[in-house]
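Okay, so here's the structure we're looking at.
We just call them A, B and C in the order they show up, numbering each chain from 1.
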Amino acid sequence: MIEIENLQKRYLRKHVLRGVSFTVEPGLITCLAGLNGAGKSTILKAIMGLVPVDGGSIRIDGRETALHLTGNRGQLNRYRALKVAFIPDRPAMPPSMKVGEALRFMADFYPAIWNEEKARDMLAFFELGEGERLGSLSRGTAAKFNLVLGLALETPYVLMDEPFSGIDLFSREAIADVFSTGWLEGRGVLITTHEIREVEHLIDRVVLLKDGVVAKTFDSEEMRLAENKSIVDIMREVYRP
Amino acid sequence: MQPDEGFTFEFNSREPVYLQVVRHFKVWIATGRLKAGQTIPSRRELAVLAKINPNTAQRAYREMEEQRLIVTEGNSPSRITGDERVLRSVRSELLEEAVDRFLELIRPIDVSTDELVALVRQKHAARNGGNSGHD
Amino acid sequence: MKALLKLIHFEVRRFRWFLFGLMAMTALYQMAVTVVYALGERALRMPDPGRDPETIPGPMSVYHLLSRHQETYALPVLVCVVSLLLYAFLIWYRDWLGRGAFIYRLLMLPQPRAYLYLSKLAAMLLFIFSLLSLQLALLLVIEGIFSAIMPAEFRLEARFADLVAGNELIAFLLPVSPKVFLQYYGMGIVLLLAAFTAILLERSRRPAGIVLALAYAAAMLVIPFGVILAGATGLYESLGLYIHEIIWTAVGVWLAGGALAAWLGIRVLNKNVSV
């Protein structure tokens, strides 16, 4: 389980996170939702150690990993890398690199957890060729490849930052299809997205961020069962009361 | 059980997805698309087919097992039940549900049962054309 | 450890075309220029009945060739120096720029982040020393070209040390004495470490980071100026230090500065750096 407790983050004047607490359960798909600029992306990056926070705790399977608390000492960078795969909203690879080279890069640096076979299966699923230069891929194709780079790592947790943002419809569908496959199975997934409709039927839990704190957490099926409301309905209640 | 055989799923966002999956199965059973004893896809395959989360597929199967719509023996793939009573009750359940919905719809309209039955008989006969085997 | 080597390999590889370009440019330029000048000097000395024998120059060595054309030979070297100075910064900033945001990938690697710092340092050192080696080799080639073009009667012998001394910039970059070499390049490495750390400070607290970086840079300049000032104001004499004690103190101060820079840089990379 990933336990986020009382996360604080300030950007100069803006107090973006004012004590965010929630958990990411193994085996479930959790959606972190909120308005633009609410800090969703920041939270994901904080979990991944890419951005330092000003306060709070980030525990991954019981071990504290927040930069400001641990100084990222010892094998912590490795621990985090083996536990969590992050799929950012941008390519995060040099544009001059080719698809095949990027795969070799990952295989080289993650020998313990890189699943070459899975990567090839995903490549075939998305119909991606190996010779293409990353910089010349369309946004949709780059997003799909990003998924491959993240999901072929055998980590118990996966973080996805806006996987559907700014992508054409068919690429979005292809990406949504990934959620039904075995590639995410058994893993704790945390996804941020604006396109709730795209994933309405795929999400297990929802965490709603408002004004720097968690306004509501719920199980989507339970909410449908108990109150006959969709995720979008609840969001409307919370963000536009 | 493939989409090109007519097994497509449509979900609304306000009802639990797993229950909607169950209802899809019930409809297919009632319409004879799914036969008694027919094997159905695994949980994983269903997730891909219906484009849902494998956890939801899991939940749907559990629900169907509880309602005795499907049976799973050991490691073999699950199958639709062979139990006639269950199959019949599915059919009646769907019929009743439809009738309830229909009656709810026409509640504001003032109509007698006889008039209603006559109308239903007429419409039903017209739809089935030469098929007079059903009543 | 293996991962560190892989990272160094990666850093070197991504710069290889530029490095080859610099090497090719330097080599071609210096060789071409040597050919042109040597031909010219040979022509000057060709026996010509129409000329006054007094005006025909005597034999010359390649040393003279080099020292007569300071700016020409120094030009490609200068370009290399400036390029490397720029890359000392770009080697970090390129990972942050553009849509690529490769820094995400680097920070997330399962290896200790210190490897990122060390691999970039190692790569820079490899670039520097490979260019220095190239220049040394080129001096030999230049001598070879000169000897090939100038007939023996127009030629004087030159020792290798003279070749190096021929051009001021090259002589500066390749001090003959190992002690001086160590001194210059030792200090250079410490300054490189300081630059790396300043860059990381700048990347750690946007927008205030640049202030931190400049403050750090200023503090790091205290070392050389402090050492020099102390000498100038006679501080050492007043403390009754022997010469070798002064030297070792200076060395110690520099080493401490370098160690501090590396420690701070790696700490910032682990704890404060932000994408």
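Criterion: contacts are C-beta pairs under 8 Å (C-beta built on N, C-alpha and C of every residue); 3 or more make two chains touch, one makes a residue touch a chain.
Just so we're clear, the structure is a prediction, and the values are computed from it rather than from any experiment.
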{"item": "Chain connectivity with chain B absent, coordinates unchanged", "value": "one piece"}
{"item": "Between A-C and A-B, the pair with more C-beta contacts", "value": "A-C"}
{"item": "Chain nearest the overall C-alpha centroid of the shown protein atoms", "value": "A"}
{"item": "Centre-to-centre distance between chain C and chain B (centres being mean Cα positions), rounded to whole Å", "value": "78"}
{"item": "Rounded Å distance between chain A and chain B, as computed from the means of their C-alpha atoms", "value": "36"}
{"item": "Chain centre separation in whole Å, for chain C relative to chain A (CA means)", "value": "43"}
{"item": "Sites on chain B touched by chain A in the complex", "value": "11-19, 44, 47-48, 50-56, 59"}
{"item": "Complex contacts: residues of chain A adjacent to chain B", "value": "27-29, 176-177, 179-182, 184-185, 200-204, 221-222, 224-225, 228-233"}
{"item": "Residue ranges of chain C in contact with chain A within the complex", "value": "3, 6, 10, 14, 98-102, 104-105, 107-113, 204, 207, 267, 270-275"}
{"item": "Residues of chain A that touch chain C when the two form their complex", "value": "12, 45, 48-52, 67-68, 71-73, 75, 77-78, 80-82, 86, 88, 90-95, 105, 108-110, 112"}
